[in-house]
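Same chain, two partners: subunit A is paired with subunit B first, then with subunit C.
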Partner chain A sequence: MKFFVYRYNPDVDTAPHMQEYDVEVTRGMMLRDALMEIKRQDEAFAFRHSCGEGVCGSDAVNVNGANLLGCTTPVSELKEPVNVRPLPGRPVIRDLVVDMSQFYQQYRAVKPYLIHKDALPEQEILQSPEDRDKLDGLYECIMCGCCSTACPSFWWNPDKFHGPQALLQAWRFLADSRDQATEERLDALEGPYKLFRCHTIMNCVESCPKSLNPTKAIGKIKELMLRHSI
Partner chain B sequence: MTLARRRFDALIIGAGGAGLNAALQLANANLRVAVVSKVFPTRSHTVAAQGGVNAALANVFEDNWHWHMFDTVKGSDYLGDQDAIEFMCREAIPTVYELEHNGVPFSRLDNGKIYQRAFGGQSQNFGGAQAARTCAAADRTGHAILHTLYQQNIRARTHFFDEYFGVELIRDEDGAILGALTLEIETGEPLLIEAKTTLLATGGGGQVFRTTSNAHINTGDGMAMALRAGVPLMDMEFFQFHPTGIAGRGMLITEGVRGEGGYLINKDGERFMERYAPTAKDLASRDVVSRAIVTEVKEGRGCGPNADHVLLKVDHLGEDIIAKRLPGIRESSKIFAGVDPAVEPIPVFPTAHYMMGGIPTDRLGQVVIPAADGSEQIVPGLYAAGECACVSVHGANRLGGNSLLDILVFGRAAGQQIINNLKDNPEHRPMSEAAIDQAVARLTRWEQSGEGISVRELRDEFRKVMEDHAGVFRTDEIMAEGVEKVKALREKLKDVRLGDQSKVFNTARIEALELENLIDIGMAIVLSALERKESRGAHSRPDYTERDDVNWLKHSVYFKEGDRLDYKPVQTKPLTVETFPPKPRVY
Partner chain C sequence: MSRQASGLRAWALQRISAVYLGLYLIYMLGHLSFNAPESYEAWRAYVADPGVTFGMLLFATALLIHAWVGIRDVLIDYVHPIMARVGLLSLFAIGFIGCGLWFAKVVFLAGVAA
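Let's turn to the complex of A and B:
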C-alpha cells in the first residue's frame, strides 16, 4: 500500500515535503501499525503513539483530509494513496508531531475540575443513575485534539475561542449534579469569542473518534445561559 | 557542559495514577512539586484500566476490609506482605471516597451510591459467596480516574514537565537520591532537576513481551533507573498474564466482562472453567484462568482455524447490559476482533499484563534495600509507588481491581510521607559534578555514530526471546536458555547505533534509552524466574508443580551489579489482625 507522509525535521530540512513509502498490509492492520512499519524503514520518522487501543489519545493525525486516530483506523478503510499529515492549524514540531499547547491552555481555561462547595459527606456524594447518565458522551473525551483542530473557528482564533474539546469539558462539569459553580462557569464563558465563535459547522462531531458531540454540548451551554439570563 | 537546572521540593517521575495522586497531596500542601512525564499526563497507561478499583464499600453486598484483605492474601498465593495488604484494604475505603469527591464519574446504583461489580478472586466472609467490591465507571474506570486526577492537579497548580524523559537518578556518596537528569523531548536538551525527594511512579514494563496489553510507553524506565542506582528489584519473576487479551493482538478485555456474567468456552462449546475452578469458575484468580486457557489450547481444544484461542461469550447478557456496563469493550471488540460481543463471542488468549514485582518499598512509599535477615535500609530521598514499586501487596498474583487501588493508596501515602519528610529535611543536598557526569554519559553514549545494529532490530529480538522463555509455563531448560539469550542481547546492546542524531523530537533516541531499560528489567525477570524452583501464583513450573512454603515463602531480590540474587522473608504479621497462614489455594 502506498503512503505519502508529511516530513519535516527542523534540524535538517528547510521546508516540509511529502515522502512516499510502501507498506505491506497485514490482516487487521491499523494505520498506527503502518506508521510503525514506516518507522522501521526510516528511524528518523517521528509521530506520537502509545496505547494502541484508542484511549490515550496520542496518535491523532490527518489522513486524506480527515482527522482520526491512527490506532483505531483500519488501513483497509483508507483510499490509496494514503496522505498522512499532521493535525491542521497547529505549529509542526517535527513530521506528524504538532505543538498542542494552545489546545491544552484552552482546556485549562474552562476550569475542567469538579467544584463542590458544600461540606463533604463521610461517604460518596450521592448521584442518581439518571443524573449520572447526563455525563455519558462527555467524560469519555481522550483529548486527542481531532475536533478542535478540525474546527475553522479554532483555526482563526485559537487564542480566544475555547474550541470544541474545551467546551465539551465545560459542559461535562455544568452537567454534573455534584458541581456547584454553575454561575461562575457561565459568567466565564461570556463574550464574543470563548463560546460564541462556534458557528455549528460540526466538523468536531464528524471527526471525534469516540463519537462524542461537542456541538450539542455547546448548544446546551447556550441554552443554559439563556435560561439563567431571564 | 553547562546544564540547565531547576530546583523543586519534590520531583515525581511519571504522571499516571500514582504520580498524580502523590502530586495532588504535595501541591495541596503548597509544596513546589514537579511532575516529569514522557507523555502528556492523560496519555499515561492508567488511562487504559477498565474494570475498576476495589474497596469494601458494601454498596451491593455486605462487605468489609478484612474480607478484602483475606482475598488479597490468598490471591497473592501468600507471598504478599500482610501488613501492607491490611493497610491497603483499610485505606481503600477513604481513598475511593476521596476520588469521588474529586469528581470521578463513577457509575451509580439506584440509591445514588457508587456502582460495584463482581471481579475475580473476591469473596464474602473469608472464602464464601462471591463479593461485589469493584467500584466502576462503566468499563473506563482508569480513564475516569486519571483525567480527574489531572484535572485536580490543574486546580492545585502542580508544575508539569510534559514530554520530558527521565534519564537517570543522581545520587551522592551516601546513596541519597538528589534528583534526576531529564531530557526535554521536543528540544533534545537535557535538564537537571534537583529535588529534596524523588518519587518514581513510572509504571510497568509490559513491553518486555511481544504480545502485551501494555502501551508502547510501558518500558520500565523507573525500575531500570533504580537498578542502575544500586537499588534492587523484588519478585520480578511474577508477571501476570491477563486471561482475556484479544487473540493475536493483546488488547485487554476486562475481567469485568466475566464479572457481569460473561464466560469462557472452548471449541466444543464447553464452559471449561468449571473443571479448573468448580466454585469460582470464570472468576477464579487470573493466574488460574490464564493457565486453564493455555492448557485448553495445548490439549487441542482451542478455537479458530489454528485452534489457538478460546472464546469469551457475552451475548446472553443482552444488549442493555452490554451497552450500559461494557461500552468500551464492545467498541474494542468491533475494531480489533471484528466481532460485536452482543452477537458473537470474542476470541481471547492470555496477554502479558502486569508486573507484581518492582522497586522494594515500605508501606509509606519509601524505597528500601531489603536484607536477608528481614531488616530494611531506607534509600534517603527516594520513593516509589504504583506498578514500578513492590510494597508488596500483590505477592505472586494480583487480583483484578487491586492495581488501581495500589497506585492510588500508595501514591497518596508516598505524597503524605514526602510532606512529613520535607519538614525534617528542608535543604537540598549538594550534587557532585562526578555524579552528574555519570548520568550525562547515558545520553552521550547514544551520540556514537557509524555502522551498527538498529534499536528496532534488537528490540524485536529481545521481546521475542522474553515471550518464548518467560511465558505462562516455565521449565528449567527453557528459562536457562532464556537467561543466556538475554545476556547475549545485553552484550549486543553495545553495538547498537542510533542513525538519527537530530535533536528535535527524536523518538528514535527515546526508544534507544527505553531499550536499555527493557533489557535491564528483562534480565531481572529471567534470572529471578530461573532460580525460583516452585510454582506459586503467576510463576508456574511444570518441573516444580507445587508451591513450596518451606523453602520458597520468601521474596526474590535482584541486584544489577553482578546479576546477584538475594532473598528476604515475607511479612506474615498484619498490623492489627491475625495472620492468614498459607493454605492450599482452591477457587
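Let's turn to the complex of A and C:
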C-alpha cells in the first residue's frame, strides 16, 4: 500500500515535503502499525503514539484530509494513496509531531476540575444515577485534539477561542451536580471569543474518534447562559 | 457595546431576529401568492396600513441586526489587524444605518402619499 507522509525537520529542511513509502499490509493492520512499519524503514521519521487502543489520544493525525486516530483506523478503510499529515493548524515540531501547547492552555482555562464551595463531606459527594447520566458523552474525551484542530474557528483564533475540546469539558463540569461554580464558569465564557466563536460548523462532531458531540455541549452552555441571564 | 453584551446578547439577538425574519418571509410569500397588490397605488395603500408599516419596519430592523451580528462574526474571525477591523466594521455600520434610514423613508413616504 502506498503512503505519502508529511516530512519536515525544521533543523535541516527549508520546507516540508511529502515522502512516499510502500507498506506491505497485513491482516487487521491499523494505520498506527503502518506508521510503525514506515518508522522501521526510515528511522528519522517521527510520530507520537502510545497505548495503541484509542485511549491515550497520542496518535491523532490528518489522513486524506480527515483527523483520526492512527490506532483505531484500519488501513483497509483508507483510500490509496494514503496522505498522512500532522493535525492542521498546529505548529509542526517534526514530521507528524505538532505543538499542542495552545490546545492544553485552552483546556486549562475552563478549569477542568470540580469546584466545591461547601465544606467537603466526610464521605464522597453522592450523585443520583440521573445526575451521573448527564456526564455520559462528556467525560469520555481523551484529548486527542482531532476536534479542535478540525475546527475553522479554532484555526482562526486558537489563542482566544476555547475550541470544541475545552468547551465540551466546560459543559462536563457545568453539567455536574457536584460542581458549585456555575456562575463563575458562565461569566468566564462571556465575550465574543471563548465560546461564541463556535458557528456550529460541526467538524468536531465528524472528527471525534470517540463519537462525542461538542457542538451539542456548546449549545447546552449557550442555553444555560441564556437561562441565567434572564 | 459593552463586553458583557458582545457574546451572549449578539448571539441571542441573531436568533430572535432570525425567528422574526423566517415568520415574516412566510407571511410575505403567502400574501404575495394569494393577495398580491396589483398596481402601484394598491402597493402604496398596502404599505400605508399601520400594521404593515410596523411589520415592515420591524423586518428591516431584524434584518439589519441579523446582518450586523453576522458580518461582525465574519470580521472577528478573519480580519485580525485592529485598525482594518474597526474600519470595516464602521463601513458596514454606516452602510447598514443608511439602508435602514432609506427603507424607513420609503415606507413612511408610502404612508404620507396614501
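Here are a few things to note about the model shown:
By definition in this document, the second predicted complex is superposed on the first by the 230 of 230 C-alpha atoms of A that agree within 3 Å, B and C clash if a C-alpha of one lies under 4 Å from a C-alpha of the other, contacts with A are read in each partner's own complex, and residues count from 1 in each chain.
The rule we apply is simple: a residue touches a chain if its C-beta (ideal position, glycine included) is under 8 Å from a C-beta of that chain, and two chains touch if they have at least 3 such contacts.
From a predicted model like this one, the values you see are computed outputs, not experimental measurements.
Residue contacts after overlaying the shared chain place A:Ser153 against subunit C, while subunit B stays out of touching range.
Measured by the number of subunit A residues touched, the leading partner among subunit B and subunit C is B. Legend: residue contacts after superposition of the two complexes on their common chain; A:Leu226 is shown touching subunit C, with no touch to subunit B. After overlaying the two complexes on the shared chain, residue contacts for A:Ala46 are found with subunit B alone; subunit C is out of touch.
In the superposed model, A:Ala119 makes contact with neither subunit B nor subunit C. Once the two complexes are overlaid on the shared chain, A:His199 sits against subunit C while remaining clear of subunit B.
Touch criterion not met for A:Ala15: it reaches neither subunit B nor subunit C.
Shared interface residues of subunit A (contacting subunit B in one complex, subunit C in the other): none. Within the complex formed with subunit C, the subunit A residues making contact are 152-153, 156-157, 189-197, 199, 222, 225-226, 229. Listed in rising order, the residues of subunit C touching subunit A in the complex are 3-4, 6-8, 10-12, 72-73, 76-78. Of all the residues in subunit B, the ones that touch subunit A in their complex are 39-40, 42-45, 47-48, 57, 96-97, 100-103, 105-114, 137, 140, 143-144, 147-148, 151-152, 154-155, 186, 215-217, 248-249, 251-252, 328, 331-332, 335-336, 338, 454-456, 498-500, 502-508. Chain contact summary for the complex, subunit A toward subunit B: residues 9-12, 28, 39-40, 43-44, 46-58, 72, 74, 93-95, 97, 100, 104, 108, 111-114, 116, 120, 122-129, 131-132, 135, 139-143, 173, 176, 178.
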